[in-house]
């Protein structure tokens, strides 16, 4: 009894998110160590919007990965949305009209993957490997490697709309989404279905869950987030270009995995992903401050990814056996 | 316990990798290429060069991309001048050619409060806001090698390698001589939307309209997207398609080397002539083996030096940038500011089998 | 014969996670004998075999080969001692040729270290002939029947010319004449001096061929007898600790006359065809048959997991359409699947999570939020009712013992308040104590006027508990016995389609 | 016997299909641009394959053994940069030796992947996503991000990929690559280990019950894949004539997966043929060239590649389901 009590306490502490939390601390310490200009909340806040778009997608991606699927086409979809929206606006459509269309397009792009995966039962990894290059390809076909800009004043610069004069809008959105989605995952039955589908699909089927339907919803959700992110980047940059967010899918997957979500599905948390998002932002910011070359940054992040996965794996194992 | 150990290991690993990387920042310590500190340098500059009195000349250069050799000489030039003047020089760049990638880099420099930011912009319009932000923070923003055409108001000045118009006219002239004024040729460009490329092609066409060029016949303009494999395939296709093809004109370095390889592969050295923009070290073999009859470029190192001198002038003697004003460009003498605050680094640099060995970049 | 046994296990303990399945079992194997290993499901037969073969690692105990203690950590080691294993569920490479399925792991090589297909073909043809099979060794494994796959695996074990062959219920899915052929083969192997360990539920087979019998019960060794000196009844007794009598008692319940649930001409292509029966409230209908006879598939089809190709499912005389478990539950049908781990429970999720998962409506507030309080109530209600032993309803199901897991699985489906409850192998892999409780529960449910369909490979169960019994053979319904006609002989005959 | 025919039809169907697509595209190409119909064009198409083929072969083995390695591109880039650096240091360095060096580097990096995957039981995609970045990063730390210019690359290496310099008019790189393919085919069909690669991909548990050391095998596969990528690095240098540490081999991993999958390698593992992968590469090569010859904007390339991957896997799915049905009936 005594022992089990200790166990449960230990369990509370040694949860998968722990590993990323450790890194959260490390990244702050390391950041302040390597650069005096680092610890400046205003500055950090102002750099966050640059990554928020990926962060938002990462949230929906967490759901998908908990359900045991993966989508490599996320960054490409983001780009395609922003490019199509830009083209539509250029062709004389009003921005008010473009926004819903952009969101809708995101939804469609997500569902396209979802339908292919659920209908053909082909691993999502390979399906989305295809759509990844297809979506970006389409964006390229659409506007070559030029760029489209010149959007209405009110639309451009979402990252410069501040809440309480310090917190940029994208971050507000990100935090809100994190909270809402975490609640849905942990407190509602839909959340349970997602977890169930990911941990043991067969059992889910026998427990009267439309596995495919759940997955479809999640792909749709992801698509929607891609739509939001696409429009956000359009607003932040005030331009669309086919090369925007190249390789973003890696950053996103990195965030999700860093957050302690199991690649095999069945376990994960939005808080973890949000933390991971912060860690990535902090690391990138501090490393950029000392003008560390991006390739070296990749090295650091790649290294961190592997370490965290191993650690999370250990923690998960610990959680399973009591 | 085991977990604690692991956690510890992580911390170690990360911190170490971080430190390890910071040890090799920017382009690392490189021996100066500019041998003599120009004697013509004005007194106050040399005074400023005294260490200790480095009243914070802090210059950061942000090229388009890391690992792109084109920018190395530019960076070198900047570095030599700035460090000779006792200032601090840093270079940082993104790993992908993504217009958004440069923004956090610039933000970081603002946060650090450097004096001058030199940027080779990835996009003509993605940087406006962040540039304004920088200038509002009292930082001089200089476009380097490329201008943000149409958004000139968002930067203080722009240093480009040479008058690119001149390069265009010069290329087609030389090309005509190589072709003995007659024959069919194909232009292999980068992408359909690259301003520089399109301007060059416009100039070619403008010249071709003239009577003395009448025998020169532009068959087609193809685009290699600046990818080696793609450019190569395009070049091969061109050679395949046109029996009468006599020349390949390439306003981009990737296409130039691809063209040379295509000609070699087809065994048409000397029968299909190649001319275009290329670095000495890349063109070297092809010029000597007679695959290519010539190449044109601008002295990128010189461009860097001029930019560096400009930074010095601005920070040390509050040099004011306006059209017509001149400043001392060190060993390259006076540099003048022309329209739209553009400064030309120097005249075009023409490479032939004979002079290519004189340059190493 | 040398003093030392060929292979001996001393004081083998093994536990999976929380609960221990082998408590210090001894086992010895003499050269050239056929040694039968019997015991109920979950008695630990397969586990013991898998430990000897290096698949599992024993928590304690030693293994001796010809008197010397050896370490067998993997099948690789086992093979090096000349062992081969025939698995209960055939382990096949469906995308590869039959030939390779036979030889993988010990491919024949030419002098040039290349795979020698010619030679393997010859050997394979020989083996398949011995087994009385004719199949093209180059065709792919995919599409073979379970029986055929089983035969191929047997051929595989033989082709490795192992001296010790473990057979884990090789006959479970075979037809009588296939079984006969296998028996002959085993005798021939014996005459060739091979040593064989043989697991089977078919005690008459064991009587037929084995020299010695080791009986396991609840992970303990009951004893080891010379087959000649022990009757089948004794075997049964020692297997179940002689408690059959009081263990399974059918409590009489009054059964309503008109059927509540019925299937007519139910067919699922490739699994079973034209199955017809009806169940009345308070009645227990047993479905008997060999493995692969289509028992489980019937359950799955009724529950809407498998495709229904023909026939109707009726409730109170009205046909209902069931295309998914969702429909099934809506019509008050529940299935407690045979495979707890693979199909029944989310092992790494809490007991409360599992108990309430299929009955979401009971714990949902508006907007689909979960009412923790009600979740707790529902769960505890069934913990109460089924006397599930646990420390906290928020611990993972995986931490419970097999018996209690099964109870949670039951609770999960009872929570959906079904009228028709299909129990597929409700006592597989749980200890005797738990079994008796499960039987009590089943009786209780019958008293609660539920229609119960009981599927089990343990004949005693079906015989003792059922009011009526449907017997399946190779996907055909061979008989439907009323209480009066129910006896072992009839059912077995029907199950083998004699008569 | 019926089963046999089905098997043939099943396997062949796929290859025949790919061949058909290749021919169709080629014919269309010829119709639109008559000059597309020439020996030199065929050579150019072949010239496209060597680097991709070698990497795809490795990727194919990974997929057959139920792994996926997205770091092969970075491995090639890494090896190429080191190889180039050697030449920059001494242009007259014996090419054979450098071949060995780059291959060796590939082997080591592959080994690292393999260790991480097998020791820590991590999904290979994730591990290699990590190492993909790490390897790329290492290039920069080691090479300081400097391009190795054309003038440093020995001519006789470049000559390997020049038709004119080859006695039979087909560049040596092509011959080398196809020879390698032949070896891989032999290895996979005729050697114990080769068959065991299929076995662990088909049903790992069963394989282990048969006493096959699955860990050892998948380890080996990672090493082979790495080695092939390292070897490919030299062909890359020979083809491109200089090494840019950023672009060298980036994105290659996805093209390689595409080639393998188009060639009929099943993501489910256990299925895939060398011939199929070779055809996959050729298909991509034909598309690549015809795009240029017909004069379609290069912008279409990625879109087309992506679409083809998706179509390919769906076709595979259809064939498979049809087969299973056929055999059940």
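Note that the chains are named A, B, C and D in the order they appear, and that numbering of residues resets to 1 at the start of each chain.
Keep in mind that, in the parts below, a residue touches a chain if its C-beta (ideal position, glycine included) is under 8 Å from a C-beta of that chain, and two chains touch if they have at least 3 such contacts.
Being a predicted model, the structure only gives us computed values, none of them experimental.
Participant: Does A-B or A-C have more contacting C-beta pairs?
Facilitator: Top pair by contacting C-beta pairs is A-B.
Participant: Counting in whole Å, what is the centre-to-centre distance of chain B and chain D, each centre being its mean C-alpha position?
Facilitator: The answer is 35 Å.
Participant: What's the distance between the Cα centroids of chain C and chain D, rounded to whole Å?
Facilitator: 45
Participant: Where in chain D do residues touch at least two different other chains?
Facilitator: Chain D, residues with two or more chain partners: 140-141, 145, 297, 299, 301.
Participant: At least two partner chains per residue is the criterion; list those residues in chain B.
Facilitator: 21, 24, 66-67, 95, 192, 225
Participant: Please list each pair of chains that are touching.
Facilitator: A-B, A-C, A-D, B-D, C-D
Participant: Show me the residue ranges of chain C that touch chain A in the complex, using the header's touch definition.
Facilitator: 17, 303, 305, 324-326, 328-329, 335, 337, 342-349, 353, 357-358, 360, 363-364, 367-370, 391, 395-396, 398-399, 412
Participant: Where on chain D does chain A make contact in their complex?
Facilitator: Residues of chain D touching chain A: 68, 116, 120-123, 125-127, 129-134, 136-141, 145, 254, 257-258, 261, 267-268, 297, 299-310, 313-314, 317.
Participant: Can you list the residues on chain A that touch chain D in the complex?
Facilitator: Interface residues on the chain A side: 116, 120-123, 125-127, 129-138, 140-141, 144-145, 250, 253-254, 257, 263-264, 293, 295-303, 305-306, 309-310, 313.
Participant: If you look only at chain B, which of its residues touch chain A in the complex?
Facilitator: 2-3, 6-7, 9-11, 13-15, 17-19, 21-22, 24-26, 60, 66-67, 90-101, 103-105, 107-108, 111-113, 123-126, 128-129, 191-194, 225
Participant: Within their complex, state which residues of chain C touch chain D.
Facilitator: Contact set of chain C toward chain D: 53, 55, 74-76, 78-79, 85, 87, 91-97, 100, 104-107, 109, 113-115, 135-136, 138-140, 142-143, 156, 269-270.
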